[in-house]
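Before anything else, here is the set of structures, which you'll find just below.
Same chain, two partners: subunit A is paired with subunit B first, then with subunit C.
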Partner chain A sequence: MSNFTKKQVSDLVKGSLDWDTLHMMLSMPKDKERYANYMSVLQDQVSWDDKIIMAFGPHLYLAETTADKTLVTKCSCGHDFGDYRTNWKLNALVYVRDDEEKMQEVYPKLMAPDTNWQVYREYYCPTCGVMHDIEAPTPWYPVIHDFQPDIPALFDWLDLPAPVNA
Partner chain B sequence: MNQLTNPVEVLGIDAGGTMTDTFFVRADGEFVVGKAQSNINESQAVLESSTDALAHWDRKVEDVFPEMVTCVFSGTAMLNRVVGRKGLRTGLIVSKGFEDFHRMGRAIQSYLGYAFEDRIHLNTHRYDEPLVDIKDTRGVTERVDSQGNVVIAVRLHEAREAARELIEQGCQAIVISLLSSYLYEDHEKAVRDACKEVAREMGVDIPVFASVDYYPVRKESHRTNTTILEAYAAEPSRATLGTISDSMKAVGGQFDLRVMASHGGTISWKAKELARSLVSGPIGGVIGAKYLGEKLGYENIACSDIGGTSFDMALITKNNFAIHKDGDMARLVLSLPLVAMDTIGAGAGSFVRIDPHANAIKLGPDSAGYRVGTCWPEGGVDTVSVTDCHIILGYLNPENFLGGILELDVDRARREIKRQIADPLGLSVEDAAAGVIELLDLSLRQHLRAMITGKGYSPTDFVCFSYGGGGPVHAYGYTKGLGFKETIVPAWAAGFSAFGCATADFEYRYDKSVDIGITDESTQGEIADATTTLQAAWNELRDKVLEEFRINGFKDEEVTLTPGYSMQYLGQLNDLEIDSPLTVLSGAEDWDVLVQSFNDTYARVYADAARSPELGYGITGAIMRGSVVTKKPNIPEEPDAGPTPSEESRQGTRPFYYEKEWVDADIFKMELLQPGNEVKGPAVIESDATTYVVPPGFETFLDVNRLFHLIESK
Partner chain C sequence: MTIQEKINGAGTRPASLLPSGLTLNDHRNLILKRTEETGHYNGLETLEFKESDPIGYERIFSKLRAGLVNSREVAKKIAASPIVEQEGELCFTLYNVAGDCIATSTGIIIHVGTMGAAIKYMIQNNWEANPGINPGDMFTNNDCQIGNVHPCDIATIVPIFHEGNLIGWVGGVTHVIDVGAVGPGSMSNGQIQRFGDGVQITCRKTGVNDTPLRDWLHESQRNVRTPNYWILDEKTRIAGCHMIRDLVEETVREEGMEAYEKFATEVIEDGRRGLVSRIRAMTIPGKIKTVAFVDVPYAHEDVAVPSPFAKVDTIMHAPCEITVKPDATWRLDFEGCSRWGWHTYNANPVAFTSGIWVMMTQSLVPTERINDGARYATEFRLPKGTWTNPDDRRTAHADAWHFLVSSWSSLWRGISRTYFGRGYLEEVNAGNSNPCNWLQGGGINQEGEIHAVNSFETAACGTGACAVKDGLNHAAAIWNPEGDMGDIEIWELAEPLLYMGRTIKTNTGGYGKYRGGLGFETLRMVWGSADWTMFFMGNGYMNSDWGLMGGYPAATGYRFEAHNTGLLERIQEGKSLPLGKDRDPGQCELEKHLGPDALVKRDKQCITTEAIFENGDLYLNYLRGGPGFGDPLDRAIADVENDLNQNFVLPEFAEKVYGVVISQDKDGTWTVDGQKTIAQRGAIRKARIARGKPTRQWMESERQRIIDKDASVQVQQMFASSFHLSERFLNEFKTFWDLPASWELKEEELGIPMFGAKHHMDLSELPDVHPVIMTEQ
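What follows is the complex of A and B.
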């Protein structure tokens, strides 16, 4: 299959990849080197050394620590949210928009949901303050655990050795 | 032969993205093909290509052009201008409140032109930049309802204000397209006149295009896109065509330059509706096949054209090709009649890759194009193409590719096929390459079969014409086992599109939407009104057609007019387009004649039993075609020289891999074969521009018209 360079993958992450290349990437099966290139592009964006295994969001990663090979959720600033199997949101700062006034900071009047039915919960990194996620549940709903990846299955597909603590 | 008694009469030009082909035909039907690299300066490329062609006859451009009577041009420059969004800055005036519909586009425009896999893969869908920026769009308060009644009168002071702003912003043309204008044209015309007046007051000379003056048809996205194209792309192209015409006059040309148009006729470069010359390339071949069929007595033809990037198919039934009323081009829905063709994105230059997950060969959708493949290191291609496979298996001659202008590296192609295809699949290089060709042939064969059977026909009723640079290489492969009556490869396959352009009629076609519905309960008065409506539409269109011909100096009585209409059974979605059995309608009694003609056509196209007249009949469109007599190329006719090819036509043998074994194929030079000559496979017949492959189990003969007939012998 087409092989894409690390520069092209980097442009993809930055959102500056030209459309023709992007279209080809979307239409073709992934090349063998894609995972390694993608992870290496992500790794270049952070200042810490723990090995990135997967991206959860623009600033949130699943990483394998160099110290003891545990798998943790990490912010791009280096903040550690703990074991990847527990919901990282439980260790984040949260701001809840649960009245009309707070809603009007982000939406015009009458264009936001009724907060008796729906609230916004914004999750921030306690160290650097970057916003990692927003969820929009009913007010009484528990904190949502977005997903928990099946790491051994992923590495099986990639045909690469899985992290020891997966 | 004496040049004076045998002048060069016809020139067809196909100015493609990489090569400009010219096709000159003498009065006796002999022809020469010229090639030159395309150039930004198109008139220069045309003259260079002409010089190249005429050198075969030892003649000069200055001597030949004065004796020519007709010239047809087809090119891709206008299409490139649209695709590259390099057109004239155009302002758009629409009904107020509808300013955004042009940039929103029709949903289908987000995946037009895509391969099937991408059409169902939503992530790849994408809207192109609109032709007109929202900043150059203005709304004018007015409204006409779907019946053509005025609901809100047009506010002309807003139109004047809009025109002023657009001109001040730097727009170089203004297009007006209002809702339902095809039912009530006064609003658009009033806005058009207001815009012209404002331009005059401001002392600027810019063209103003009202959609009713060009395409008075329903579907505002189609109508608006098409009218915008007239301003955005056709006006700049008119200037280019004018330059080409002038450069031909400078070397003595006395003829009017004509352009191939999407409806299958040719039009003058001065034509009002020039946008329809946007697409022309593959249509030329269909017109050429129809012409050959009429001359030689083939009435049902399956046309197949393989170039480097695509496979185009079209059907000719009873000497007629079908017309699509809303053709699309350059990923835009348009109100242009377009010769119906099916295209798939697989050609002789398609890339070959291995899907790492399925471990299977995948062809295309992209292709090496003019960069050929890994066998041409200068082309800079690292991915194996179908051409690479042909080269290493002996189908193509690496010494004589495109007449030997490219030096090919066969070893590099072998190495890359081994590394990229053969090794991952655990096959020998030969079997891997043969597998690629088999897969391509299979895919082309399935599409061809599907196109024919999908319309309710059987390949046994058809003769298959195979042309384009890659057609003769694959003809055996994609026709094998389909059961065509015959497979025919013209000796001028590579220049067939240019030839086809030269055979096209000088014909204008205009369309207008009408809404007529007649049921069992309709009164005689209503039926009479219906015929009056249709006749009025014809009258309007006839004036437009005659006006176009007057621009080129033809008198009204020289023009043959053919009125037509689109009719459907009420309740059905699709209509059929037919030539009217009556040239003038005089009242209700004529309605039955129109209906009868429709019923007969329907029974022929589909089946008698499929007719469903219970709910009545509707007419959706009026059509007027007008044509004048033009000089067309004669078809060569040469004496039969017997079945044995001459010694000088034989070029030795070459190893050729077919069905898992290497055999020695006889090599022939196509130009030196004589009518009547028979060649038994394995054989490869080579010319500069194309290669005709006759594998073991096939044989071929050349007839007196220089058409090869391919026959399965076992």
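What follows is the complex of A and C.
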């Protein structure tokens, strides 16, 4: 098993890791320590103190609040989307590209879906405007709750104590 | 693990092929019973051989694996079909007596499962009594109702004996260029039932004493349009199988039968443990929900089908709930899928369950040890009656990939969320392109022969973005990890189509912090044919890939074809010619170089059936890009600048989507202004906040649309079809939208034909047929 430094993990997150090391990460058995290094790197990137437990996206985290140890979904800007068990998208802003004009703002004529078949739903942070996700379903489709992690089981795999409210 | 085999009576018992005296079916059932009882393949709670003699164990594995790969490389040189010889659309796999895969070659490894399913079908349906299984026999299968993906994948299966006992099987598969379907080409449209899907062979004994039977040779050649390719493909498969059989015999001589037999079961338990170990090492336990769609636009006038009940627009729906369990096994449940349809995109459960390993070898199981062990660590649920487990024996499957790749793309996206969550960013893949267009057709070619074509340029579409880098441009397809677009010169030999241009396809990769890989486009002019047809096959009104974590889906497809072009006259007159580079389809660049009477079809109808093409007519083959990752406003400025200068993105969309402020110098070089871009990106984020609605508020208006039944017929048909098959999906839908208890949606309301919705007949209803079932349904 390979071990990688926090600096290397930081470079990975930034997208600046050299190819040789990246290739090693791809080809060697996974380093169990990655989780701790990754969390530490992510924590350094945000201005708030709640403890990051997991990443849901480049700007979206599962965090344990310092105040009462509850687990929330949180934007890198600090916006709190609420309990992590609730789909964060329901507490986001959504912009639906549901006609040809809106589609042609993002793709040339003939290269975007026909909105009688498919729409794009862009989910934004209400505070900073970062786009956390895009769904591309048919009209009517329920908002998808992409991922509901089993936190205690993960921490068991990691041989680490689980957050108290997991 | 999912073990759903039917245990059948033994039927007429021949002399046993096994030293135990058991029938092959009883032997297999014992393995399944031990596996089900212990959770370990064949009850192997310890890997005695591997642990006591690891070098001996690895020696056998290495020898077999190397031999499989070598046999593939040697055998493919026999083939003349560019699909096999250029694109590598072949695979050889070694099985144990029970038909479980031990090891496989490189190539189209979906067939680990499909050929295994054929062997299991022969075992379960008592082939050993009739037609008999003897040394030197060859069996041929391409039956989609047994487990084959589509009829053009022809498998040759050879039993391996040692001292009179069966010790295993070897299978070889090639993707042939034509199977005599209604539409020419290997994955054609036009037919809507099995009865037009080309010749289908059900585990037929086609050779004895290592020699193909004469009746088989005569019959099979005349059932296809391209007999020369067919014959050489068969020789390819036979040669590879016999090389591997020799290798197994040599291995048994060197290592001993006892060691080989132990290896042939332990390696599968080893494979099962390997997947469990990787799931634990890389993923996060929990539930992941994902979904995929594919447009089936059959109401259009350019889709000619033999039956009026197929002339409807429908949408394939493939929701999936992935459960990664605390014991590091996983379950994939496709509850809610839409019904099978009157088209060629239906799939069977084995095609689905075997195919996902093609994809997972690129992240979850990136080893040489692909075998049936991974399947035993996985629970699949594919509800009966859906497109991926039809309950009717009439279904067509010629382009099952069209639906399969789309549903798999969503799995890739889903499982990537867990890699990302733990920090294994290097493994993240936003998905894959739907590898298309499929340029197909046929007629009389430039050699004056009956011919059919299927351009496998598709094997080099754009790949999905990673969380640390862009997707690869014109690089690969999900169904074959060794992507290759093929040489122009070879395609021009194989097809009466000259290349007017081949270039990267602008704006096709999904935008993102890391963009999807771009596809490419080739403009082909018909030349030298006598009678020639072609058609299109791909996604157009929808795309089946999504982006990931803020990245956009790739661009959708469109169609360009031109007739009565005047090109032959323009060539003589030295006038300008269309040379590809249809960078912005709204600008109609290609039409600027055609004669005044040209008839052009430029639209989103990307599925068509045979249309007549004369010499001088044009066909644009647009190969799709991959989806993007992350918010495009996070893309590095230097990367956007490079995209502009490489024609990877049109300036308009660099400005609108990437938020860059750009200028172009007199030499045409683009420059991005860093400071102004930072300000512009801030303004775009503010604009997003201004135009976005709180999701719950938007849901109220969408709910009203549902109550008003305000959606296209195809969208309503998709939901009605899924509701009919899945009460759970219906209830979840109604709960989410808080619909009245009385709300319902039935296909009967939509005024479209519903053939197959209520009345159907399953393969299992045929006399003396015992299908092999390996998934929950």
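Rule of thumb we're sticking to: the second predicted complex is superposed on the first by the 165 of 166 C-alpha atoms of A that agree within 3 Å, B and C clash if a C-alpha of one lies under 4 Å from a C-alpha of the other, contacts with A are read in each partner's own complex, and residues count from 1 in each chain.
Just so we're on the same page, a residue touches a chain if its C-beta (ideal position, glycine included) is under 8 Å from a C-beta of that chain, and two chains touch if they have at least 3 such contacts.
None of these values were measured; they are calculated from a predicted model.
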item: Side-by-side fit of subunit B and subunit C on subunit A, or clash; value: clash
item: Subunit B versus subunit C as contact partner of A:Arg85, first or second or both or neither; value: neither
item: Partner chain in contact with A:Lys69 - subunit B first, subunit C second, else both or neither; value: neither
item: Which superposed partner A:Lys7 touches (first subunit B, second subunit C, both, neither); value: neither
item: Contacts of A:Lys32 with subunit B and subunit C, given as first, second, both or neither; value: both
item: Subunit A residues touched - subunit C or subunit B, whichever exceeds; value: C
item: Overlapping contact positions on subunit A, where the subunit C interface meets the subunit B interface; value: 26-27, 29-30, 32
item: Subunit A contact footprint on subunit C (complex, rising order); value: 280-282, 284-291, 293, 295, 315, 324-326, 328, 366, 414, 417-418, 420-427, 467-469, 507-508, 511, 513-514, 540-543, 546-547, 549-553, 555-556, 558, 584-586, 602-604, 630-634, 636, 650, 652-653, 656-657, 684-689, 691-696, 698-699, 702, 705-706, 711-712, 714-715, 718-719, 732-733, 736-737
item: Parts of subunit A lying in touch with subunit B, wherever the complex brings them together; value: 1-2, 19, 23-24, 26-32
item: Residues on subunit B engaged by subunit A in the complex (per definition of touch); value: 115, 117-118, 121, 123-124, 126, 353-358, 362, 365-366, 383
item: Parts of subunit A lying in touch with subunit C, wherever the complex brings them together; value: 9, 12-13, 15, 17, 22, 25-27, 29-30, 32, 34-35, 37-39, 54-60, 89-96, 105-114, 116-118, 120, 122-124, 126-150, 153-154, 156-157
